[in-house]
Each structure stands twice: as C-alpha cells, then as structure tokens.
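What follows is a group of structures, each given as structure tokens.
In what comes next, subunit A is part of two complexes: it sits with subunit B in the first one and with subunit C in the second one.
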Partner chain A sequence: MSTRFLEILGAWLLAIIWVLPLLYAVWTAFHPAEFATSFTLMAPLTLDNFRHAWDAAPFARYFINTTMLVTLILVAQFLVCTPAAFAFARLDFPGRDTVFAVVLVQLMVMPDVLLTGNYRTMAQLGLVDTILSIALPYLGSAFGIFLLRQTFRQIPQALDDAARLEGCTLMGRLWRVYVPLAKPTYIAYGLVSVSYHWNNFLWPLVITNSVNTRPLTVGLSVFASTDQGIDWSIITAATLMTSAPLLVAFLLFQRQFVQSFMRAGIR
Partner chain B sequence: MRRETVQGWLLILPALLLLVAFTHWPAATTLLDSFYATPKGSRPPRFVGLENYLDLLDDPVFWIALRNNAIYALWTIPASVILALVMALAVNTAIPGRALARMAYFTPTMLPMIAVANIWLFFFTPDYGLFDHVIGVFGGGRHNWLGDRDTALPAMIVVAVWKEAGFFMIFYLAALQAMPPDLKECAALEGSSRWNFFRRVTLPLLMPTTLFVLVNAVINAFRLVDHVVVMTHGGPDNATNLLLYYIYQAGFRFWDTALAATLTVVLLFLLGMLAWFQFGVLGKRVHYR
Partner chain C sequence: MELSHAIGLVQSYGTGRRTYRVTMMEPLPAGVPGGAAVRLHGVSRHWGSVAALDGVSLEVKAGTFCVLLGPSGCGKTTCLRIVAGLEQASGGVIEIGGRDVTALPPAARGVAMVFQSYALFPHLNVAENIVFGLKARSVPKADRARRLDRAVEILGIGHLLARRPGQLSGGQQQRVALGRAIVAEAPVCLMDEPLSNLDAQLRADMRREILALQRRLGITMLYVTHDQTEAMGMADQVVLLRDGHIEQDAPPAEVYAAPATTFAASFIGTPPMNLLKLSESGVIDGSVGPVLGPARAGLVAGIRPEALRLAATGIAARVTHGEYLGADTVVACTVADGQTLLARLPGRVGLADNAAVKFEFDRADLHLFDAGTGRRVSTV
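Up next, the complex of A and B:
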C-alpha cells in the first residue's frame, strides 16, 4: 500500500516538474512584465504581450511560410514515397534489395548534418532563400518509404490479386487497394512529418535570409535575439504564439497523436 | 526487359533521385572537399591531401567540441531513455490522473526546440530567472548558469532531456501495452516479486524498443543543436560547442569550407561507427518476438 502511494506520488512529482516550465511560460506571457517573476493570484491578465510581439515582427508572414513549407513537404513526400514503398514491398525486380539498402542509409546520414554540401547544391540550382530549397532535402524520405513498405507488406496479397483479375492496372491497384488500406500509417506519418518540419530549425536557418522565406522557428530566433533586448514577457508570448497551432492540435487530438507516434515507432 | 523490372524502377526513380541528390551526393562532395583547401577568391581550390585532417588534430576547438559532444551524449542518452521508461511504467498502471500525467510528459515534444530554448533561456537568466529565484528563497546567491563554463553544458543537457524523454516514453508505452497480461498473472501465481518480474520479464521484452529508442537518442545527441544556437552560441569559451554546431560555425560563420567538410566527414564516420555498433553488436543480443 505504501509503496503504491509512493509510486503515485513520484509519478505526479515528475509530471509537475515536467509541465512546470511550460506553465511558467504561460504565466509570463499572459501577465504584465512586472509580474513575470512574482506570483500573486491577483495579477491582472493581459494580451498586450501577444499584441506587441505580433506587431514587432512579421509573424503573419512567417506563419504563411511555415504552412506552405509543411504542406509542400507533406504532399511531395506522399507522392514520392508511396510508389517507391509499393515497389519495394510488392514488385520483384533486379537490384531491388541493393537500392533499398541505399535508401536506408539516409536513416543514419540525415540531411540535417549535410549542411554545407546541400547549401552548395542549392546555390548551383539558384534556389538559395526559397521555400523549395528548405523542403527539397526532405522530400525523398527513407523513414517514410520504410514505414509505408512495412504497411504495404501486411496487406493481404489476395486483395491485390482480386483487383488484378478485375482488370485493375498497377497504378489502379496502388491507388484503390493499397493507399486506402494504409490510411492509419499515412495519418501517423503525416503527423510526425508535420511536427518535425514545423519545428525544424538549423537547415532553414542556413538556407533562408529574408522575411519572405523564413519559417516560424527562424523568424522567432531572429526576433528573440535582435529586436527585443530582454523583454521576457514579449519573447515568451511570441514563443507560445509560434508553438500554439501544434500545441492546440495536440491537446485536441491527443489520442490520435500519441497513437500515431506509437505506430510510427513500431517496426 | 521484363515488364515488372521497368515498372519497379520507374516507381522508385523519383524517390531515388531525390535521396541521392540530397543525401548521397552531398556526402560524396563533402568527402572530396575535405581533401581540398578552402578556395581563396576566384582561384580553384588546391588539393591538399590529408592536410585538413592533420590540421583538425591540431585544432583545440575540435577536441573541445568532440569532448563536449561525448559528455552531452553520455548524459542525455541514458538520462532520457531511463526517464522515458520510468514515465511509461508510471502511466501504464492505473494511477489517478493518468491522462494528465501522460500529457505533462509528452507536451515538451510538441514544442519546437527553438521555443524550448527561449523558455529555458529565461529560467537560466541571472537574478531575474526562475533558477536564481528558487535558489534565492533558500538563501543562495546569483549565478550566471549559461555564462559559467562549468554549468553551461549541464544546462544544455537538462534542456535536451526535458525535450526528449516524453517522446521516447511513447514507444515504451506502446510496447508495454502490447505485452500479454497473462505473463503478469503467471508471475503473480509463481510468487515472483515485482522487481524480479520487471528485471526478468519486462526489461528483456522491451529490448527491441530500447534498441529503437537508443538509435534515435544517439542520432539526436549529434543532430540536436538548435538550443545551442539560441542559448549560448557555443560559448562561453566553447564550453557548449558541439560537433554539428562547430560545422555550422565553420561553414556559415567562418566560411571555411575545408574545415566544415572535414568536420562533417568525422561526424558521419562517428555516426556510421555507432550505427554499426548498435545494429551489429547490440542488435544481435536483442530477442525479437
């Protein structure tokens, strides 16, 4: 009984420690600066910090950039990885296993590390400081191909054969049999991909240098480092603002998020 | 040629082109670059053989970054993996407020590292920040957490663990929920203690998950430097400089392509060795069901 009680206490203590930094940030963002480090229940609530932050930097533009970036990556990854995963899962052709090994190399050698090599390629293509250049290194995703291949392999061959007998073409079978049946995997991969690229920072920092291409993360770091001095209330407000869409989506669809991340992790 | 061969190659072609163009090709050009000196002006780069590597051996900052990265990895990997397991075990039992606790653990994962860095930057601020406030209550003095060479790297480690543990918890939780409940009933009938059951049954069954989580933790220990960019810029005096951050500095602050390329090759070599160790050595000892 007492060990049980201690366990619950421990679990709760850990949860409180874990959530405290975030609660503290929320407190700072919603109160005037003079209450940033003094906690009184009567402290007035305010949205001024958010208003100041919104006016002080082109956050609307950054939101548009990030949305465009995330959408572009998601759609392109879907179109690029689906056929490849299908070929690896269900077609038999010479060189398949070698190429699959070549693809899997990317799981360890990520584009995030190849900053200088990719920068030069983008410069040669004349794409530096475009949203396309932020997205390009991530479009052929080894993780996406691997995940979809695993899913496609578990779909009963009989369904495929039935569609073939009905006269369905290869692309028709992929589109009408495999893609609909893999929907949970698509949702899982989609959530992982969106949250990864919404939060990605180093490569966008390197390849962008103007307001019209910067995603939110880079915009936030520029804002926090140069414009604001040390007005923590405003910086915290800006920080919460940029994380809000993902955070709110997560809180609303918690179960789906958690299950999606689980699904993406089970091999 | 067979029809299926043509179809197969056509289907993988777009993905393969993109992968090769932005992963294998830059890796290859980086390797080549590491044998050439940084070009000066418009003259073509000069072939220098292994000179860049020899220079690297004499570069004190490289050794500091390597050492920092080793310390960073040796703390963040075990700390986040063990905490993730503890969290998963905690919310896998029927404790009151289980959903709330799970949410508390997982929420940092959804935040961009940049946002996390901004929030923690505030905590670590001398005088004004939360840490100094708490210490002040207990009679402690002010401390410049990020400005002190002894506390800056530990501060980076704390931030990384806070961000990562909840993410890894999800995978442990998935594995725990997939475990057949009759195992536990058997053990209870046999009179096995809980600790014994955990050590002899749960932990071995979790090994594949642990391997997966470890691979991710290792990659992150070398990939996740966003908070260094925002919080310390590698300082003070390179105390928080990590390999990838040094690559970023060399490539885009000093514009020293030879140094950046050589460092990248070293980092890729390290990642390759670690991958080989994890899959070749550890992977063989993991029992898959």
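Up next, the complex of A and C:
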C-alpha cells in the first residue's frame, strides 16, 4: 500500500518537474511583461506578446523552412528505410547479418561528432546554406531501418507466401502486404523523426546563415540572442508558437504512438 | 462424375449462432476449369546433408483428391511447398497439366493454396482478401465481382464481406481462405493442414464440405495432413510419407486392407494394427501357438484390432486394461513374451483386468511383414 503511494507521489513529482517550464512559458506568454517574474492570479491576459514576436522575426518563413525540412526528411527516410528494412528482414543474401550489424553501429555514432566532416562535404557539394544540406545527413536512418526490420520480421511468412502465390511481385508484396501491416510503426517512427528534426538545432545552426533556409529552432535562438535584449514574455510566446504544432500532433497520435512502440520490437 | 452422393446433397450445420447452408446441386458454371494432373519425378529437397524429401515420384490424376499423409517432419509440407513453387526442389521435375513447372514462379503454375494459418491479410476485409490475387493479376473489375459473387454464394459468407479477419471465428476464417482459393479458378488446389486449427465438430463438417467442393469444381486437390481420419475420409489416393520418402501410394481402402509396410500398418487405423514378432516356427515369440506364419525367421504378423474376436481357442492373452468407447471396447492385453495386443470388440465388454482370454480371427485378416525391411510379405 505504501509502495503504491510512493510510486504515485514519485510519478506526480516527475510530471510536475517536467511540466513546470512549459507552465512558466504559458504563464509568461499570455501576460504582460511585468508579470514575467511575479505571480498574480488576477493578472490581465494578453496576446500582444505573440503579435510582437511574430512581427519581430520572419517566423512565417521559418515555419515554411522547418515544414519543408521535416517533410523532406520524413519522405526520404520512408523511401530509403522501407526497402532496406525489407531486405534485412526477408531477403537472403550473403553478408546480410554483417551489413545489418554495420547499420546498427551507426546508431551509436552521435551526429554531432560528424559536424565538421559533414560541413566539409556540404561545402564540397556546394550545398552550404540550403534546406537540402540540413536534411542530407539524416536521409538514411539506422533507427528507422532497425524499427521497420523488426516489424517486417513479425509479419507471418505465410502472408508473404500467399501474396507470392497470388501473383504479387517483390515490390507488390512490399507495397500490398508489408507496408500496410507496418502502419503503426510508420506513424511512431514518423513522429519521432518529425519531432527530432523539428527540434534539431546544432547542425542547422552550423550549416545555415540566411533567413530563407533557417529552421524555427535557429530562428528562435537568433531572435532570443542578447543583442535584442531579453524579453521573456516575447521569447516564451515565440517558443510556444514554434512548438505548438508538435504538441498538437503528439496529442492527436499519442495512443498509436505509445502502442506501436510497445509492439514495435524494442524489447 | 461417378460420385453421385455429391449431387443433390444439401448440408446444413451450425457454427456458433450462424447456420450455413451449402447447396451442392447446381451444375458446374461454364468456363470453370476442371483439374489438371500433377506429376512429381524424383523430387528431392536437401538442407545440407539432411534430406527433407528424397526422390519422391507420384502422380495425381486430374480432378482427384490426393492426401499427403505422414507424421510431422516426414516432408509432406515441403513436398506441397515445392509443388506450389514456394520452395525450390534440389532435384527432380514437377509437372502440372503436362507442363514442366519446375522452374516457374508460384504465380505462373496455376495453383491455389490454403495455408494452415489461413494467411488472411489482417488489414483487408473479407471481400478484399478474397479478390486480393485477382487485383494483383489485374483481372477486370466486372470479372472480379462475378467470381467473388460465385465464391461467396458457394461458401455462404455473404454476411461477412465487410468484416476484417480479426472479427471472424476460426471456421469463418477457414471459409474465407477457401474463397480465395476458389476465385483463383486454378486447376490445382493445395491445402496445408487446413483443418488443424478447428475444433473437432467443425473439422468434421469442413471435411465433408471441402470434399463436396472439390467434387463440384472438379479441381485436382493436393491435401497435406497428419490426421488419418481426414486421409481415409476424403482421399481418392493416399500418399503416405515417412522421412522424405513414400511408404505407400494407394487408394485409402487399399492402404487399410493391404498396408505395404509395418509403418503404414501402424499409422492407419484407430487403434493401429497389432504387430507381433514371430518365432522361427511361426508362432508369436514365446508362445506355443497358434501358428500365424510360415516357419521362417524374421517375420512380423499384423492383425487389425477390429479383426480379433473372443473365442475358446486362438491367441492366448492376458487383459491389462479395457477402454469402453461407446460403440465398442478397446481391450489392451499382453501376449506370451510381453508384446501388447489391442482388440477392438463391439459393444461393452466387461473383462476383469488380468483375466486370461483367447482371440480368434479370420486368416484373410492376417498380414505378414519382413521384420528387417518392414515390407509386406505375400501371405502364404
């Protein structure tokens, strides 16, 4: 009984610690600047902070940049990971397990380690300061391949056999059997990928230097830099604006998200 | 069609709340192909040094029902998958309808298949599952609808079309799997233990139904099972497999009446045939009589339990256990040197354990096998 009580208490504590910055951001963003550091229940509500933030920096452009970026990455990752995962899961070729092990090793390499190397490559390709250059290092995802491979492996071989017998080609089987049955995994992986690249900061900061390519995160940091003067109300308003789409998406998909991660072979 | 019992037969039975009615009296619709003959010539399948299938040759005549029977691991499923093209033979030739299909992909062989697990696509509803193959082969929409209607009518699953496989009972899933095989209109249908996931009652019903379906469509059926009841009840031809080779290939009545080997004798029949080692003088080892075989070393006598009857003279035995099954009683006994003898006696037979009994039988019911090779020895 008391352990259960402690568990609940701990859960609440963790939840509160996690949500406090968000609550502070919400409080500050919807109130005038003088209430940023003082809590008064009856403080007047305002949307001015959002208007100021929106006018102060080209957030519309940043939104478009980030949307283009995550869409490009997501589509490319699906296109690249699906056939790779299928090959690792169901095709028999010499060296399959070795190659898969190499792919898994990639999971352990922190992307930040490759910062300078990647920059040099992009410079050689003449792609510095383009959206493609932000996306390029992430188009093949070891995590995506691993996750989809686990899912594909769990699809009964009999379904594959049946489709083969019914006249499906290799691509037909992939498209008509494997992809539809892996839908929850695609959704879960899609959310992880989108949120990661929506929030990704360091690499885009290094590789971009103009308004037309900068994603939201970099735009926000430029906006919040000290030479503009620190106005927490406006910064929190801008932060809420930039993270709102992700929060909404997660709330919409959270059931599928959690379920498919429980099913999708992370055991 | 010689099997007039399939014509004019109306079956109705229940599965759960729903009652199916399958009418078997309509004539065959035009344009439906009959069966095609299937031939295997010396087909082998090796995994390293292990032979799953070792030089199997058999012929299934067009429009007949052939059951591949055997214990698990005997190679029957491998054999079926090789005919389907899902697995490649290490050697040998497979012919379907007179055409060498050994090198053809599964879809080009003109076979439909029902899997043990049914292999229904969980993301598609029943109708989509049934026409899946037709879509993959780009069959025109009107043709697709016609074939679907026909299969649905034959199987009585019209009310299920919009459901997903997960919402169906085992028997209903089985029907959908059959539907997928029917719409393919392939001359050869392969079934891999299709009834093993059903309960006993439903299994008996589906057995009759699958047989009636095969008769009605006139297709060639290759059916894999380890259940001898299915083999005896459905087959025109039983192919008994063991360790990758054919033990016996004959009509069910012949497999029962004249088993080719001791293995065939001990696999068919409930309970299976008694096999008794004989001494050099032709009596059961360690007994004084009666004489069962010729005076020759290394013989085994086979007598079916149902061929035995209690008598004043004959094989002396001691009762160890009696099992009353309703219509008959299976009495387990030991004979002279401790070999077991089972007798299936009609009605209820009250025999005390340890009672001394004697069994008589007709000479025609005696089978002799060579103890070394296990092969049948012609009765003298």
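Note that the second predicted complex is superposed on the first by the 232 of 267 C-alpha atoms of A that agree within 3 Å, B and C clash if a C-alpha of one lies under 4 Å from a C-alpha of the other, contacts with A are read in each partner's own complex, and residues count from 1 in each chain.
One rule holds in what follows: a residue touches a chain if its C-beta (ideal position, glycine included) is under 8 Å from a C-beta of that chain, and two chains touch if they have at least 3 such contacts.
Predicted, not measured: the structure shown is a model, and the values here were computed from it.
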Problem - Clash or fit (per the criteria above) of subunit B with subunit C on subunit A - result: fit
Handout entry: Spatial angle subunit C-subunit A-subunit B, Cα centroids [nearest 10 degrees]
Key = 100
Practice task
Name the contact category of A:Asn49: first (subunit B only), second (subunit C only), both, or neither.
Solution key: neither
Problem - Partner touching more residues of subunit A, whether subunit B or subunit C - result: B
Practice task
Would you check which partner chain A:Thr185 touches, where first means subunit B only, second means subunit C only, and both and neither mean what they say?
Solution key: neither
Exercise for the section: Check whether A:Thr208 is in contact with subunit B, with subunit C, with both or with neither, and answer first, second, both or neither. Expected result: neither
Exercise for the section: Based on the superposed arrangement, let me know which partner A:Ser193 touches: subunit B (first), subunit C (second), both, or neither? Expected result: neither
Practice task
Return first, second, both or neither, reflecting whether A:Thr151 touches subunit B, subunit C, both chains, or no partner chain.
Solution key: neither
Exercise for the section: Using only C-alpha atoms, work out how near subunit B sits to subunit C after the chain A superposition, in angstrom. Expected result: 12
Handout entry: Contact set on subunit A toward subunit B in their complex
Key = 7-8, 10-12, 14-16, 18-19, 21-22, 24-25, 28, 36-37, 79-81, 83-84, 86-88, 91-96, 99, 102-103, 105-106, 108-121, 136-137, 139-140, 142, 145, 170, 195, 198-199, 201-202, 205-206, 216-217, 220-221, 224-225, 230, 232, 235-236, 239-240, 242-243, 246-247, 250-251, 254, 257-258, 261-262, 265-267
Fill in the blank from the handout: Listed in rising order, the residues of subunit A that touch subunit C in the complex are 156, 158-159, 161-168, 172, 176-177, 180-181, 183
Problem - Touch list for subunit C against partner subunit A, complex - result: 84-86, 105-107, 111-113, 115-117, 119, 121-123, 132-133, 136-137, 180, 184
Fill in the blank from the handout: Listed in rising order, the residues of subunit B that touch subunit A in the complex are 2, 4-5, 7-9, 11-12, 14-27, 29-30, 33, 83, 86-87, 90-91, 93, 95-97, 99-108, 110-115, 118-120, 122-123, 125, 128-130, 133, 162, 165-167, 170-171, 173-175, 208-209, 212, 219, 222-223, 225-226, 229-230, 244, 247-248, 251-252, 257, 260-261, 264, 267-268, 271-272, 275
